[in-house]
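Pasting the structures here.
Across the two complexes that follow, subunit A remains constant while its partner is subunit B and subsequently subunit C.
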Partner chain A sequence: MMIIIKNAIRERMRKKEIYVFAALGILLLLLFGGGSTTLQINGVPVTDFSNMFGIMHGMVTVIGCLLALLISLQTIPNEYERRTSHLVWVRGISQTSYHTSLALANFLSGVIAVGILYMALAVYVIGNGETGVLIRMIPAFLILCINIGIISLLTSVLSIKLPAAVSGLIGAIVVIGGLLYGILDTYRSIMGGFTGSLLGMALRVLPDFNQIRAQSAAICKGGSIEWHGILAGLLTIYILSIGLVCLKRKEA
Partner chain B sequence: MVTVENLTKSYHKKTVVSAISFTVKKGEVFALLGSNGAGKSTTIKMILGLVKPDAGDIMVKEGKVIGYSPETPFFPVFLTGMEVLEYYGSLQKMKKEVIMETAPRLLEQVGLEKDRTKIKHYSKGMLQRLALAQALLGEPDILILDEPCAGLDAMGRLEMLEIIRKLKEAGKTTIMNTHILSDIEKVCDKGVIMKKGKILRDFRMIDFQKDGALEGVSLEELFLKTVAV
Partner chain C sequence: MKFYKIAYIAVGVILLAACILTADKGLSQEDRQVYEQANRMQEEMQEHGFRDLILSEYKVRFFDGDYDYVMNGTEVIREDPVFQTFVGTAYEVEGEYQIVMPTLERFSQMFGILGAAGGLSQGSTSFETAAYGMEEHIATLWHEGFHAYQFTHYEENVLKLAVGLEGEGNPVLTAIDGDTAAVSLFEEGMGLLRTAYYEEDTELKIEILLQYLDKQQERDKLLTQSNTEMDLTAAERYYETIEGTARYMESLAYELQKGTGQMEVYYLGAFTYENGTDKYYSLGMLKCRILSQLTEGWEERFNFSQGIDEFFGETIFMGQLADYDI
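Now for the complex of A and B:
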């Protein structure tokens, strides 16, 4: 299993796709971080570290989730399209083991990409002399990895059966919905009626990425965290892992 | 070594392999001969366990290791030939030191160099050779080669056939799928002619070598006569 994971990550490293995506993310971060004096929310300039860090942490979450989606999208379909799966199957590697290895490689690649973004955030923190936050960023990063895990696993599981474009589309809807979970929940309570209940049903299956992001940000700020959101995220990962074991392709 | 009995496979109600049977003995080079769509590749995939047969049996002598070289080999383009062998060797649980000892020898055997050339710079012929090298990892008893000369130029084909001939001399049992008659004439011992998923007839190369006479025809004529039915 380890060799498949290592090879899949090595492919991304050598193709430099992780670095390209992460570099684009850092560029976006710098655009916001560097131009802090002009950034305003409701007409009020947002200049202090606390506000800026919150915004940038949120951006890392959004970019990180999208990166995880992009990285995971093609891995499994590519293996079957290129028929590299044939040479793995004939060596007695089971589909479950093969898919699990590729999904883990997707997750670890996503973690590396987000890790690079997080380092850019760390540079910003050091630049502002907030070294206390730096230590707290480590557990915060681990919490954020739950989001990465959910997206990597979801996209990997879907791509066992569906074409990359379809699983990408579903993944994108889940990412956007999950990040806007709080807003959608508020909207649901305002709406009521058929639309409200429809939205309520959708929210039941959507992972609450926003909740996990909020817990990660809370750790950075030294605040208390709500374990409910984190546990729900871990449960989602567990359920998706079952899909990884159960879903199989008919033939290589 | 390998016995196939009444093997059948259908896709979407279309039968692509229909109740075929054949036996391959130790040390033989066996040819599955037929035009495109004859069912050769599906047969090979069923023997390898990549495709599940609808009916029939495949019996491979117990404990025998199979090596497989695909028709259109694809290897991660960022790897070198050596790294590819390391990767597939590890997948079949070969020890690192065994791989490091075996891989350079295999590369040399198929006419490739142990250098830093990435797969993306490999020609079609080099890829076919590398595919054969990875099939030879772990000293397989049976080799299954799916169109081993596909896409190769004249020189490349001759070199590939020479490698197969040497493997035969080394006692390897080979099942080879091809539609090139001259390739069969050069290396095969026997085979079957397939069309639309059925075996139309079997042949032994030795029969052509006796005054060139099996029903008074060459393999080419026999093939044309058979598939024209």
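Now for the complex of A and C:
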């Protein structure tokens, strides 16, 4: 299992588009943090650390979620396409173990990629002399990894049965919906009626990435956290993991 | 293998239980603080505003998008919502007027969504998107609390002021906002009132106010002549009185928390004419503030049997000011 994970991570790390994406993310972070932007809220320049850190932390979350999606999208379909899977079956490894290993590899690759982005954020924090925040960023990163885990696992599970394009589309909808969860929930309450009910049903199945991001940001700021959002994220990972046990490919 | 299966199931059960146990958060600490802090301001608010308004007499229903959390003293009860959407108002529930408003968290989110889209410009609030927090929510609670007071103590008078408005509010406002000459006179009138508010010399202040009353008379005449089917001026008087006085109380609550300077930034900043009811909130509030500058305790004589406009005009014209000989 470890060999499968190691090989899969190595392959993920060879993908050029991941580095391009991560580099763009770092560039964007440095642009914001370097003071070379004139971003304003309500006419007031956002230059102080607490404002800028919040914005940059949000950016890391969005870019990180998209990176995790990109990384996980083709792992399982590619394995089957290249018939690598047959080399695994002859060693007596079950489909569940194989898929779990690949999903874990996707998750760890996502964590590494987002970790690189987080390092850029850490550079900004050190530059501002906020060492207290730097220490709190470690548990905050672990919380953020729940989002990465959900996306990696969802895309991996979907790609067992669906073509990469379809699972990518579903993953993208879930990422956008999950990041906008708070806004969508408020819209649901404002609208009411049939549309509100429909949106309410969609929100029941959407993971609340925004809540997890908020808890991660709260840790960085030294504020109190709401455990429900974090636990709900972990439960989502658990439920998705059932897909790894239940879903099988025919060509195996 | 069996051990792994049991462990896997156990993890799921523990996670599910933990989620259920942490799910029902009820009313947040912030909203409880809003309620408690607003009630702690009771004495100071009574000194400055309507003396028989006791905020704690009214239950507050905080709507979180799913349920109403009804606060009454230290008691909080979860109930089905009276409105399935976010509103700030006073509403009759089981024979008593209660204050209905969104939770602080929801209201802040609404500012993020609707404020950016311009959806909160219709009279509902005077705060900027990024500025809405606990102090602002407390001020809003006093605004809605004042509506509960209006309907509880002066329902008959309030309904008399609203005659002719039922079901036809929007055509009336459309007719008013469509009259460019009337719009221009309104803007000029607001300019005069703002100048009067900041004028320290009382004689000059009164002079400016008399100019304003002339301007308003001209406007009323114009609106009456331009539309004989609807009573446009009555509609204006209603909004100005009901919402203007509530905005006045809201601004007092804000002033007590943030100081006069900050209050003037939010409530008396540059005026821009907007279609709809928002301008009447500002107009009525400004008149209340000028009345407070000129005659202390005017609130005790005001009982909604006439519009704030009429009361304002009478106070200035008929020499009812306690301290000044006009």
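Here is the rule we go by: the second predicted complex is superposed on the first by the 242 of 252 C-alpha atoms of A that agree within 3 Å, B and C clash if a C-alpha of one lies under 4 Å from a C-alpha of the other, contacts with A are read in each partner's own complex, and residues count from 1 in each chain.
By definition in this document, a residue touches a chain if its C-beta (ideal position, glycine included) is under 8 Å from a C-beta of that chain, and two chains touch if they have at least 3 such contacts.
What you see is a predicted model, and the numbers here were worked out from it, not measured in a lab.
Participant: Counting only touches as set out at the top, which of subunit B and subunit C does A:82 meet: first, second, both, neither?
Facilitator: After superposition on chain A, A:82 lies in contact with subunit B alone.
Participant: Could you say whether A:90 touches subunit B, subunit C, both of them, or neither, answering first, second, both or neither?
Facilitator: A:90 contacts subunit B only, not subunit C.
Participant: Return first, second, both or neither, reflecting whether A:189 touches subunit B, subunit C, both chains, or no partner chain.
Facilitator: It touches subunit C, and subunit B stays clear.
Participant: After lining up the shared chain so the two structures overlap, which partner does A:232 touch, if you call subunit B first and subunit C second: first, second, both or neither?
Facilitator: Only subunit C is touched by A:232; subunit B is not.
Participant: Can you list the subunit C residues touching subunit A in their complex?
Facilitator: Those in contact with subunit A are residues 11-12, 15-16, 18-19, 22-23, 25, 63, 65-66, 84-86, 106, 109-110, 112-114, 128-131.
Participant: Taking the touch rule as given, give the residues of subunit A at its contact with subunit B in the complex, in rising order.
Facilitator: My answer: residues 3-4, 7, 10-11, 14-15, 82-84, 86-93, 250-252.
Participant: Subunit A touches which residues of subunit B in the complex?
Facilitator: 45, 48-52, 66, 68, 70, 72, 74-76, 78-79, 87-88, 90-92, 134
Participant: Quick one: which bits of subunit A touch subunit C in the complex? Just the residue numbers, please.
Facilitator: Spelled out, the residues of subunit A in touch with subunit C are 41-42, 44, 182-183, 185-193, 196, 226-228, 231-232, 234-235, 238.
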